[in-house]
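Okay, so chain A shows up in both of these, paired with chain B first and chain C after.
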Partner chain A sequence: MMDHDTLQDPLAIKEEILSKYPPKVARKRSKSIVVRDPENEQKIQANVRTIPGIITQRGCAYAGCKGVVLGPTRDIINITHGPIGCGFYSWLTRRNQTKPPGNEDENFMTYCFSTDMQDSNIVFGGEKKLREAIQEAYDLFKPRAISVFSTCPIGLIGDDVHAVAREMKEKLGINVFAFSCEGYKGVSQSAGHHIANNGLFKHVVGLDDTVKEGDFKINMLGEYNIGGDAFELERILELAGFTLISTFSGNSDMGRFANSHTADLNVIMCHRSINYMAEMMETKFGIPWLKVNFTGAKATAKSLRKMARYFGDKKLINRVEKLIKDEMAAVNEVLRETKPRCEGKLAMLFVGGSRAHHYQELFNELGMKTVCAGYEFGHRDDYEGREVLPDIKIDADSRNIEELFVEKDDKRYRPRKSAEEIRSLKKKGLEIGEYDGLMAEMGKQSLVVDDISHYETEKLIEFYKPHIFCAGIKEKYVVQKMGVPLKQLHSYDYGGPYAGFRGAINFYLEIDRMVNTRIWDLIIPPWEKNGAEITAEYVSL
Partner chain B sequence: MLLRHTPSEIKERKALTINPAKTCQPIGAMYAALGIHGCLPHSHGSQGCCAYHRSTLTRHYKEPIMAATSSFTEGASVFGGQANLLQAINNMFTVYAPEVIAIHTTCLSETIGDDINQIIRKAYDDGKVPEGKHVIHCNTPSYVGSHVTGYANMVAGMVKYFSESTGRYRDQINIIPGWVEPSDMREIKRIAKEMGVKAVLFPDTSDVLDAPQRGKHMFYPEGGVTIPDLKSTGDSKLTIALGPFGTESAAALLDSKCKVKYELLDLPIGISATDRFISGLSRAACVEVPTSITAERGRAVDIITDMQQYFYNKKVALFGDPDQLTALTEFLVDLEMKPIHIISGTPGKQFEPRIRNILKDKVPNANVRNGANADLFLLHQLIKNEPVDLLIGNTYGKYIARDEDIPFVRMGFPIMDRIGHSYFPTVGYAGVMRLLEIMLSALLDRQDRDAPEESFELVM
Partner chain C sequence: MASTEKNFTATTNPCKLCAPLGASLVFKGVRDALCLLHGSQGCATYIRRYLISHFREPVDIASSSFAEAAAVFGGGDNLKNALTNVCSQYHPKIIGVATTCLSETIGDNVPMYISEFKKANSRTDLPEIVHISTPSYRGTHMDGFYDSVKALVVSLARAGDRTDQIALFPGFVSPADMRYLKEIVSDFGLPRVMLPDYSETLDGPLWKEYQRIPKGGTTYDEIVSLGRSQAVIEFGHTLKTGRSAGLPLEEYSVHRYTLGLPIGITLSDEFFGVLEQLSGRKMPARYAEERGRLIDSYADAHKYIFEKKAILFGEEDLVIAMASFLFEIGVVPVLCASGSKSGAMEKILSEMGARYGRTISVRGNADFSDILDEAKNLAPDFLVGNSKGYAIARELDIPLIRIGFPVHDRIGGGRLLHLGYRGSQELFDRIVNTIIECTQAKSSVGHSYM
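What follows is the complex of A and B.
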C-alpha cells in the first residue's frame, strides 16, 4: 500500500488508460480525468455525453425525475406513462424511507403505477390510456395529487402529457401535473433532476400561504432520506431549535412542498439535484440559501453553526453549541475506538453529484485519504465551484431542458435579509449562495474522474489498491470480485442512516468493519497460497 | 400496513397497472445474452435502460453484470441511432474485446425504427468487427410481451445467427432452458451427464452469474455456451425446449432453419414435469434412465410421503412467469395443495387453458389471470377475498405477505432480498427437494410461531 502522505503521480496511469481507447474517445476522456494540482485553477469536462459502448454508471432523465426527486414523496400517485419496465425498475429500489404520521395516512410509495403501454398505444397514441389511468387511480385512491412521468417513446409519439394533466386536473379537482422526462433528455439523470425541480416549482411550491408557527424556519433541499438520513436530520434540527418547513424530498408530503415558500432559509445538501429550486425560490420569494453538508460529524457541526449564524440569534447559537457538545461526546467515543484501525487507509469514491464530495468528510474524520474521486452526473460547478457557472457553455443537450423564467412574486416576495445584511454576513465569512465544489477538497496528485467507465475503474483499482471503493449497485460485485470492499453510497448497502451525528457513528463502525474484516483472507485456498506446503497432521487417538 | 390503500373490493381496470407481475423485454434479452461465453450484451437505446437492467440483474444475482449502451440523446432519438451503434461496436471491441456482442433494442430504438440488421452489416462493411468476432441481435420492443418474451427473442437470435446445418450428423441433444437460474442450468447439465447424454445447453448462465470469488474480476467468466457449440446445434439430433414461453420460438426456428426437430416440454419443476423431462431425454438419446436418477426421484418422493400432512389442502397464491407457474401449479396439485390464485403479467392466450387443464376438478374455482392488468394489486385483492396459507413469488410478494401475515416462499425474478436461487436449483428432483424444504420451512415456522404453548410441537 502507498504511503498516504506522498501520493503516487497518477499521470502515467492516466496515459495508460487513454492509450487503450480509440483516438477520438481518448481525446474526449482525457478532459474528464484531472490530476489535481491545487495551486492552479483546473478545469474538468463534465455533464457531457457518455460515449456509446463505453460502460458507464449513468442512468437517465426519467430516473432522475421520477426516481430521485419525486419518488420520496408519499402522498402523491406517480404514474409512469410508458411500457412497463421504467415503472418496474424504479419501484422501491432507491430506499427512500418515509413515515406517515398515522397508520391511516397516505403512503403510495410502496405502489408502482404504470400505463403499461402496448404496441397499439405506440401506434395510435397513448393519451386516451393515460387519461383512463389517471381516472382509475383517482377512483381507487382519491389522492390529493397525481403526477405523470414520460418515458422515452412518449416524446417520439407526441403524446401531450401536459394537456392530459391539465384536463384531468380540471375534471377531478385535484392537482395533476406531468413531466417530460423522457430518458433520452440531457446526458444523465441530472437532466431529470432539473425537470423535476421545474415541475415542482411550477405546480406545487407556493400553493399554500399558511404561515406555520415556529422560529428559524428552514427547508432542507436535496435530502432524500436514503436509509433514514432525513429522520436523523429532523431529530437534530428539532433539538437545535430550527423549524423544518419542508424537505425536498425525503420523508416529504405535498402539503409541505406547497408551503415551503414560507421558510426563511433554504439549506442545500445535494447541490446537483436541487440547486435550481433554491435559486428559483430565492428569485421569486426572496429566500437565501446556504450550502450545507450533514455527512460527517464535523461537517454537521459546521453546517449547524453556519445556519445559526445566518439567523444570528444568540439563543439559537447557544442551543446549537450545546447540541454539538452533547452529540460529539458519543461521536468521539466511537471515533477513538475506530480511527486507529482506519487511519492511513485509502478510499476511492465514484458516486452521485454530491456524495463523492460529502463522504470525503467522513473518511477524513476516520483519518482515511480519498485518493481518487468523481461524480456520475455532476456538472463543472459541482467540481470547480459555482464561480465557474458563467463560463459553462450551454450545449445542445442542456438547451433542450427547460430553463424556467422566474420573476419576483408581486405579493409574496419578501427578502429575508437585506442586501446590506447579506453583504455583512458574507464579509464575516458566511458563504451564502456559494459552493466550492469537490476539487477544492482534493489534494495534490489525487485524481478526479468524471463519469468513470468500467475499464477505468478496474485500471485505477489495480493502480491504487484502495482499502475501500464507494459506488453503486452496478459496481458493487465487480469491485468485490477484485478483493476490494465496496460500500454502496446510493443504497448504503441497506444500512444507514449516515447523515448527522448518529449517522457518522454508523458510518465509522461500518467502515471499520469493511476495511478491517478478515473475510478477504478466505479467498485464497491454503493449497494455492505462496509457499504452501502440504503437511500431514494426524490426530493421535 | 405497507399496502394500506389496497381495497378488497375488485373493480376491473383497463388502463392502470398497479404493482406489475412482469417487466420489459430488454432485461430478458440481456440475461439470455450473458449465457453465451465471452458475450457483451448491448442495449440500443438511452442509457437508463441499460442502467436499470444491470441494476436489477445485479440485485438478483449479486454478481457483476457487464453490458453497454448506445447512450441515445435527443439527437439520436430524432435522427436514428446508427451512428451511436457503430461507434459503440467499435468501442466495445477495442476496449472490452468480447467474442460476441449481443444487441437488443429498446422501446426508444423500436419506436424510431432503427434497422439493426442494416447497421450490423455496415459495422462489418466498415471493418468495425474484428476477424472471427461476432455481432448478433434481437428486437425487443418493451411494449410487447414481457421480460420472458425478451429472453425468448434473444435465444431465437442465437439460433438465427449461429446454428448451422453442415450435414454432418452429431450425436447430441440441444436443450433450451426457459428463463431459469444458473443453478438450474447447472442441474440440467448434470442430469444430462448423469444420463450419459451429450447435450448442448443454450443459453447457459452457470459459471457466469454464480462465478466464484477468486480475488480477481473476470470480465468474461468461464461459463456460457461457446460459439462452436452454438453453431453445432444445427447438426444435433433433437432439441428439447423447456417452457413454451421462453423457448418455443428458438426451437421452432432451429427446426425451420436446420431441420432439427424439437420436443416442447414444461420446465422440469416438480415431480411430473421432471419425469417428463427425464423420459424425454431418455427417448431422445436412446438411453436408459440410470438407477442414480431413479434414486434421486425416490428421495424426493420420500419427502413427500413423509410430510404430506403439512401440504394437504393448503391454499396457495402464486405469481411470476408463465413457464414456472405452469410447472409449479402442477407440482402443487401433485402435493394435493390448492393453488387458488395464479397471476402472471406476461400475456399469452395459451396460459390460462393450460393452467385450467392442470387444475381441472381438483381446484375448479381458481383465479387464473395473465396479461393486461394481471398484477400484484389484483393478486392482493384476491387474497383479501379468499385468504391463502402460502404465497409464492418474487421479492415484491413480501409486501403482501407482511400485510396479510402469510408464509412466503421466494421464487421467480427478481429475488433481491435473499440468496439461494442462483446456487440451489428448483429444477429436477434436486429442485423438488429444495422446493419441499423451503415450503415446509415456511409452513412449519408459521405453525411454530402461532402454536399455543400447550401444543407447541417438538417433533413435526
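What follows is the complex of A and C.
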C-alpha cells in the first residue's frame, strides 16, 4: 500500500496503458489522462466521443433527459416515445425518491409509460400512436402536465413530437411538451441534461408569478434526491431559515418549477447537469447563482455560510452558525469513532459530472486520500473551472444540441443584487457564479482520467490497490471480483441519504464498514495459507 | 378466455424487455465471446446495468457508439472501429453483433460491414463474428434470446461423424438451473453441449486474477460439434411453432425434442423420460428420490394451498411451464399473462385449463396495467413472476413469489432454481411457506403451530 502523503508517480502506468492501444486511440486517450501538477495550468480532454468498442461507463442523451433531470418530478406524466427497451430500463432505476404532500397528491414516478413502437410504426410513423397515448394518459389520470421523450428511431423516421405536443396541449388544455433527446445526440447523457434544461426553461419556468411568503428564497439546482438526499437538505434549509422555492429536480413538482423564477438565489449542486438553467434564469430574471456542495459535513457548513453571506442578514448568519454547531456535534461524535479506522486509506472515484469531485470532501473528512478520479460525462469546465469556458471549442456533437437564445424579460427581470453589491461581495471572497472544478481538489501526482474505460479501470486498480472504488452498478461487481469494495455513488447501494449532516454520518459509517470488512480475509482457505501460521495456530490451541 | 387485445394503445408498466438484451445474455454464455450492440451507447449501458442488477456479476457489452453523423450517414465506420478495438483489447474468439432500433431504422447493412471488415483484416487471426438482427420494435427479449441461439447454431454448427452427444438448449433459465441441468445429463452418462451456458459467467466466485472475459460458457468447438449430436433437447413450448434453434440441426439429422421447461412433475417427467430413452439407462436413484420427495410434499401441503388463486406473468415459456406446475399442486392460475404476442401461449394454456376443468384468463401482449385491472376482479391469493410485479402485489396486499427475471429487489436472482424435481421442490416450499406466513401474519391469534 502506498503512503498517504507521498503519491507514487503514475506516469509509468499511464504509459503502460497507452502502449496497449492502437496509435490513434492512444493519442486520443493520452489527452484525457492527466497526472496532476497543481503548479502548472493543465488541460484535459473531456466531453468528446467515446471510442467505439471501448466499454464505457457512459449512457445516452435519453438517459440524461428522461432519467436524470425529468425523472424525479412526481406530477408530470413522462411518456417514452419509441420501442419498449428504453422506457423499461429507465423505470425507477435511479432510486430518486419523492414525497407527495398528501395521500391524494399524484405520484407518477412508479409508472412507466411507453408508446411501445412496433415495426409498422417505424415504417408509417408514430405520431398517431403518440397522440393516442397522450390522450389515454390524460383520460386516465388528468395530470397537469405530460412530457414526451424521443428515443433513437423517432428523429430518424421524422415524427414531429413537438407539433404533436403543441396540438395536444391546445386540445387538452394542460401543459404538454416534448424533448428531442434521441440516444445518438451528443456524446453522453450530458447532452440530455442540456436538452432537459432547455425544455423546462421554455415550457415550464416562469408560468406562475405568485410570490410566495418567506425570507431568503432559493432554488436548489442539480439535486436529484437519490436515497433521500433532498429530504435531508430540505430539513437543513428550513432549520437554517431559507425558503426553498423549487428543487431541480429532487422531490419536485411542476408547480414549483413554474414558480422558481421568484427565488432570489440559485444554488447549484451538480454543475454539469444544470448550469444551463442557472445561467438562463440569471439572464432572463436576474437571479444570481452560487456553486455549493452539500456532500460532506464541512462542505455543507461552508455552503450554508456562503448562502448566508450572499443574503448578508445578521439574523440569518447567526441562525446558520447555530445550526452548524448543533449538527456538527453529532457528526464529530461519529467521526471520532470511524476516522481512526479509515485514516490513510485510498479511494478512487469515477462517477458522474460532479460526484467524483464532491465525494472527495467526505473522504477528506475521514482522513482518506483520493488518488485517482474522473467524470463519466463531465466537460472541461467541470475539471478545470469555468474560466476555461471561452476556450472550449464547440465541436459538431455539441453544436447539434440547441443553445437557447435568452434575453432579459422586459417585465420580470429584477436584479437581486446591484452590480455594485455583487462586486463588493466578490471582493470579499464570495464566489458568485464561479466554479473551480475537480482538478483544483486533486493534489500533486494524483491522476485524473476522463471517461475511463473498463481496461483502464482494471490497470489502475492493479496499480493503486485502493481500499475503496466509487462508481456505479456496471462497475461494482467487476471491481469487487478483484477484492476491492465498490461504493455505488449513483444509487448509493440502496442506502443513503449521504448529503448534508446526517448524510455525512451515514456515509462515514458505511465507508468504515466497507474498508474494514473482513470478507476478503476468507478468500484463501486456512489450508492454503502459509504453513507457519497454521502451526502457530495449533500451538496456540 | 384468451386475448391479445390490449385495453390501451400505450403500454403502461411493460411486461417485456427489448430484443438486444436477450442477445447479450446468450453471448454471456459462450466462452471467450463478447456481445457488441450496433447503435448508440445507451443501449449497451442500459442493458448492462439491468442484467447486472439481477445477476450482481460483471457484464461487459461493447457498443459501436453512434453519434449523430453515424445516424445520418450510416454506422459502417463505427462498427468496424468497434470490432477493431474489441479485438485488440479483449481478444475474443466470438463476437456477437446484435443490432438496435437505431441501426435497424436507418437500414445499416451489417452483414456487408462485417464482410468488409473481414476483408480488410484478412491477414490477422480474426474471431468468428455472428450477426443477429434485434430491433427492439420487433418482439421481446425472448426473440433476441432464441434468435441468437439459432444464429450461433446456423453460423457455426457443422456436420460430421455422429456422436452420443446431446445438444441442450435450455432457454432463458437461471445459472442455478443450468448447473442442475448439466448435473442431470451427466448422471445419465450422456455427453452434452449446452447452449448458452452462463452458469459460471453470471454466477461466479471471486477472482484470483483478473479475467478480461470471465471464464465459462459453451466453447467454440462445442458449438461446431452440435451438428454431430445424436439428439437435441430444447425447452420452450413456443418453440414448437416458433423460432427453434433445434430446427436447423435437423438438417444434420439430429433428432429434435422440443419440451416445455421442466417445472413440476409432469414436465420434468417428460424431460427425464427423454433422457432415459436417449441414454438407455433408468433414471438414477437420486432423481427418483427427489421425485418421490416432491410428490410426498405435494400431499403433505395440499391443505394450505389447494384451490388458492394465483396470477402468473413473465416470458411465455416460463408462464406455460409454471401454469402446468401450479395446476398440478392444486393452485388455479386464474390469470396468465405475458408481454409477448406470439399467440402460442393463449392456445396452450386454454387447453391446459380445459384439461383441469377450469376457465382461466390468458393474456398475451399484456402490460402490468392490464394485469392489475383484471386482477382487481379475480381476488388472487398471490402473484408469481419477476420483481416488476411488486407494485401490484403492494396494491392488492398479496405476496409475490419471485421467479425468473428480473429479480432486482432480492439477492440471489442467479441462484433461483426452477427446473426439475429439485427446482420444483424449492418453488413448492417457497409458495406454501409464503401462504402460511401470510395466514399467520394476518391472523388475530398468534399461532406458531400451523
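Criterion: the second predicted complex is superposed on the first by the 529 of 541 C-alpha atoms of A that agree within 3 Å, B and C clash if a C-alpha of one lies under 4 Å from a C-alpha of the other, contacts with A are read in each partner's own complex, and residues count from 1 in each chain.
Heads up, the rule we're going with is that a residue touches a chain if its C-beta (ideal position, glycine included) is under 8 Å from a C-beta of that chain, and two chains touch if they have at least 3 such contacts.
What you are looking at is a predicted structure, and each value in this text was computed from that prediction instead of being measured.
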{"item": "Fit or clash between chain C and chain B when superposed on chain A", "value": "clash"}
{"item": "Chain B versus chain C as contact partner of A:Phe108, first or second or both or neither", "value": "first"}
{"item": "Touched partner set for A:Leu389, first chain B, second chain C, both or neither", "value": "neither"}
{"item": "Touched partner set for A:Phe141, first chain B, second chain C, both or neither", "value": "first"}
{"item": "First, second, both or neither for A:Cys152, with chain B first and chain C second", "value": "both"}
{"item": "Partner chain in contact with A:Ala329 - chain B first, chain C second, else both or neither", "value": "neither"}
{"item": "Contacts of A:Leu11 with chain B and chain C, given as first, second, both or neither", "value": "neither"}
{"item": "Contact residues common to both interfaces of chain A (with chain B and with chain C)", "value": "20-22, 25, 49-63, 79, 82-91, 93, 110-119, 121-122, 129, 132-133, 136-137, 151-153, 155-157, 182-187, 189, 396-397, 400, 454-455, 458, 472-474, 476-478, 480-483, 523"}
{"item": "Contact set on chain A toward chain B in their complex", "value": "20-22, 25, 49-63, 79, 82-93, 103-104, 106-108, 110-119, 121-122, 129-133, 135-137, 139-141, 151-153, 155-157, 182-189, 396-397, 400, 453-455, 458, 472-474, 476-483, 520, 523-524"}
{"item": "Sites on chain B touched by chain A in the complex", "value": "1-5, 7, 11, 13-20, 22-27, 42, 45-49, 51-56, 58-59, 62-77, 84-85, 87-92, 94-96, 106-108, 111-112, 141-144, 146, 211, 213-218, 345, 372-373, 377, 396, 399"}
{"item": "Chain A contact footprint on chain C (complex, rising order)", "value": "8-14, 16-21, 36, 39-50, 52-53, 56-71, 78-79, 81-86, 88-89, 100-102, 105-106, 135-138, 140, 204, 206-207, 210-212, 339, 391"}
{"item": "Chain A - residues contacting chain C, complex", "value": "20-22, 25, 49-63, 79, 82-91, 93, 110-119, 121-122, 129, 132-133, 136-137, 151-153, 155-157, 182-187, 189, 396-397, 400, 454-455, 458, 462, 472-474, 476-478, 480-483, 523"}
